[in-house]
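Down below is the structure, laid out as structure tokens.
Letters are used for the chains, namely A, B and C, taken in the order the chains are written, and counting of residues starts over at 1 for each.
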Amino acid sequence: MSNIMNIKDFSFTYASASEPSLKNINMPIEKNKITALIGPSGCGKSTLLRSMNRIHDLYTGNKYDGKIELLNDDKSYSNILDIKKENDFINLRQNIGMIFQKPTPFPMSIFDNVAYGLKIAGIKDKKVLEEKVEIALKGSALWKEVKDRLNQSAMGLSGGQQQRLCIARAVAVKPKVLLFDEPTSALDPISTGAIEELIVELKKDISIAIVTHNMQQASRISDYTAFMYLGDLIEFDKTENIFLNPKEKQTEDYITGRFG
Amino acid sequence: MRLLINKVILGLSIFSAILGLAFLGWILATLFFKGISSFHFSLFLNDLIDGGLRNLIIGQFIMAAIAGIIGIPLGMMAGIYLREYGRGKYASIIRDLSDIMMSAPSIVIGAFVYAVVVIPSGGTSGFAGAIALAIMMIPIIINTTDSMLSLVPKELREAGIALGASKYRVILDIVLKAAKVGIMTGILLAFARIIGETAPLLFTSETSNYFSLDLTQAFPSLTVSIYDLANEPIEASRDLAWAASFILTFLVLVINLTGRFITRNKHK
Amino acid sequence: MEKLFQKLSLSSASLVFLILIGIFITLFNASKPAIDEFGFDFITDSTWNQEVVIDTPKKDEDTYLEDELLSDDLMIDETDELLSDEDNSENSLTKTVFGGWIPIVGTVLSTIIALIFALPIAMGIAVFLAEIAPKNISHIVGIAIELLAAIPSIIFGMWGLYYFAPIIADLVGGYQVSLLTAGLVLGVMILPFMAAITRDSMNTTPDVLKESAYALGATKFEVIKDIIFPYSKVGIIGSIILALGRALGETMAVAFLIGSIFSLPEAINDPTVSIPVAMANNFGEASGLGESSLFYLALILFIMSFLVIGIAKFLFLKKGVK
């Protein structure tokens, strides 16, 4: 099974920083698997995640080094760091979606939220939109709760529902990869559980990378785990190995709570 | 002793607040009593030539509306530039200049429009008046748009971009919508402000006694006429000025309060 | 499309810049005749629209020559006529002089009076809103104060002239239309603005700072005096200067109340004139050098306001918007 993404010798420096926030990261994102990025605050896990859909490019002055490769339909790889043109960026983000820590429902109806990505991709046919929206909402375990109020504002949903809406919205465009940046840290335990279940379901069709500061969450749902510390990738392995049999002392210290 | 000073100061503070409210009440009461006594519905049916205010009210609104048509899109686009696209020195200079323009003397703006519009076109006009009002409106709209857009969390923009939308679509579809209520309030408040302006209209539109929709000539203005009427030695003119003042203030306060009401309602 | 949108928004923003420059250039051009004629003396000259006789040496020479010619060539009758011609030529060598000192003084003084009157009241209101009133009262009173700010200035003129000024004149004596009444009404106009910005500045004081002071047993007044005011000092001064800048340009209320007389007030309750009022009342009939002098005044006012507001903004009101 080939990797959906390869990160090779990747370094990243923020615009105003004198030191790189990420140093020579090398790791794969496996197809149809969940890869978790864990580590204490400031280790660079979010920075790495956000490099993968180049959302850093909204802000000027950041510097990249190395490669981040994405698997094309024809089985070749392209380095997404080479992208310069507007159209290519749009394409990239239609292939690699992102869910944020704070649920970000757009100020529109539930239907329009989920359909947004489709509409900007050029899909205008009402019937097609309705179908795809239904599929996406079902896939996010939200359909039953909202099917009778699709035209109501998304702002009226609860936190957990809003986050599932954001997932439906991202899933509707059928991306290859979904990036989750601490998706449940703003939610209550029950919503957290629902979303974790959802993410595990999603990996059947989509490859997933998730940043989490909750180790238990990583051990619960991920197949692979990367432990990062101060901008370095300390250890990358199958999740069971990281948690039951870590090779690096730093990893072990973090897992056992000796530092956070 | 300390407690005594404390009580005195706090008392003075409460007194100032009461004083402030008293001025407001005094002015509103004056307007009400003087305005009501000269008020009758024919004011809305007759033009100034017949002792009514119809042409003046309509004229003022028309000029304000045109000022809005010019000023609101320009102001919003400029505000969008400052908040969404602008980086670095140029944007912050523009922002500062716009802030300064907000407090600039309105009569100077009237003089400016007089020199660049009235003189070349050979005379006063409703257009000149509307342009002067637009110039006053633009910095206010810029400031409001800029502030309201800054309140929209950056995650919302990132979520839009993350779906593959281009920046302008994110701004139009998502960010503006999120800031919609605040911006609308800002527009209403700006409108309330320019509808009460006199100085910029004094030599640009002047005013007219007749009903007119011809913006290329001197155009009826409620505020300029209040000034003229108040300066006439005839008692009846002054009474009319009071009635007009009452109506003007009523309109301004209603628009102002409507703007605030919208924000309060949608505020979660 | 994205590029187009970016360009459009950039152009709109640049428009602000262009308008500002346009105002400067236009005012400068229109006042050029007056500037050329009077120079900087305009600022300190207190004559306005008065004929001034000019005696030039050249003219005396001419008269002298003509005298010689007369005595040599002409008969007595014609000499008489020519003599009267000389009288006429003396009358026509005058020029109209405009000087801006009086309106400038009127503008500055009325603003200072406004400030002195408004400052204590505005501070009192700000303290009330920020520290004394419970939340809901503060909210309502705050809105009332903002409504006071929303009232059009011409209304202040009307109310001021017919209701406020007579009372002041009764109390203090002197004219109803005067520098004093104009300044006081101007004060009522800027007071809500000063109060609002001061209140906002005061509210930026961190609660923990205030709590620490209270915990030591300080009274409310002491917390305001020793903690809040020093902390928000910069914003408060900024609000005062900004209010000053606005008051400088105020036209309509002052037009009703200052009297519009081009003479220096000997007492505070004498009528005089300010720049905006001079413009408001004279622009219509002015032409030539007179009109140009009004533009000169406008330019001076614009520069004054710009400087004052600029100082307020850059030195004091650094509202760091991200």
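Please note the rule applied: a residue touches a chain if its C-beta (ideal position, glycine included) is under 8 Å from a C-beta of that chain, and two chains touch if they have at least 3 such contacts.
Being a predicted model, the structure only gives us computed values, none of them experimental.
**Q** So which chain is farthest from chain A, going by the mean of the CA atoms in each chain?
**A** Centre of mass proxy via C-alpha means gives C as farthest from chain A.
**Q** Write out the two chains that share the greatest number of C-beta pairs in contact.
**A** Going pair by pair, the biggest contact count turns up for B-C.
**Q** Which chain wins if you rank chains by how close their C-alpha centre is to the centre of all protein C-alpha atoms?
**A** B
**Q** Express in whole angstrom the distance between the two chain centres, defined as the mean CA positions of chain A and chain C.
**A** 59
**Q** Indicate the whole-number Å distance between the mean C-alpha point of chain B and the mean C-alpha point of chain C.
**A** From the centre of chain B to the centre of chain C is 21 Å.
**Q** Whole-Å distance, chain A centre to chain B centre, using C-alpha means?
**A** Using C-alpha averages as centres, the distance is 47 Å.
**Q** Name the residues of chain C that each touch 2 or more other chains.
**A** 2
**Q** Could you tell me which residues belong to chain B and also touch two or more other chains?
**A** Residues 166 of chain B touch two or more partner chains.
**Q** By the touch rule stated above, which residues of chain A touch at least two different other chains?
**A** Answer for chain A, listing residues that touch two or more other chains: 86.
**Q** Residues of chain B touching chain A in their complex?
**A** 87, 153, 155-166, 169, 173-174, 177-178, 180, 268
**Q** Which of the residues in chain A end up touching chain B in this complex?
**A** So the residues of chain A touching chain B come out as 53, 55, 58, 60, 86, 89-94, 97-98, 100-102, 104, 106-108, 116-117, 120-121, 155, 166, 169-170, 173.
**Q** So in the complex, the part of chain B that touches chain C is made up of which residues?
**A** Going through chain B, the ones touching chain C are 2-3, 5-6, 9-10, 12-17, 19-21, 23-24, 26-27, 30-31, 34, 73-75, 77-78, 80-82, 84-86, 91, 93-101, 103-109, 111-112, 114-116, 135, 138-139, 142, 146-147, 150, 166-168, 171, 189, 192-193, 196-199, 202-203, 223, 226-227, 230, 241-242, 245, 248-249, 252-253, 256-257, 260.
**Q** Show me the residue ranges of chain C that touch chain B in the complex, using the header's touch definition.
**A** Per the stated touch rule, the residues are 1-2, 5-6, 8-17, 19-20, 22-23, 26-27, 29-30, 120-125, 127-129, 132-133, 141, 143-148, 150-159, 161-163, 188, 191-192, 195, 219-222, 224, 242, 245-246, 248-252, 255-256, 276, 279-280, 283-284, 294-295, 298, 301-302, 305-306, 309-310, 313-314, 321-322.
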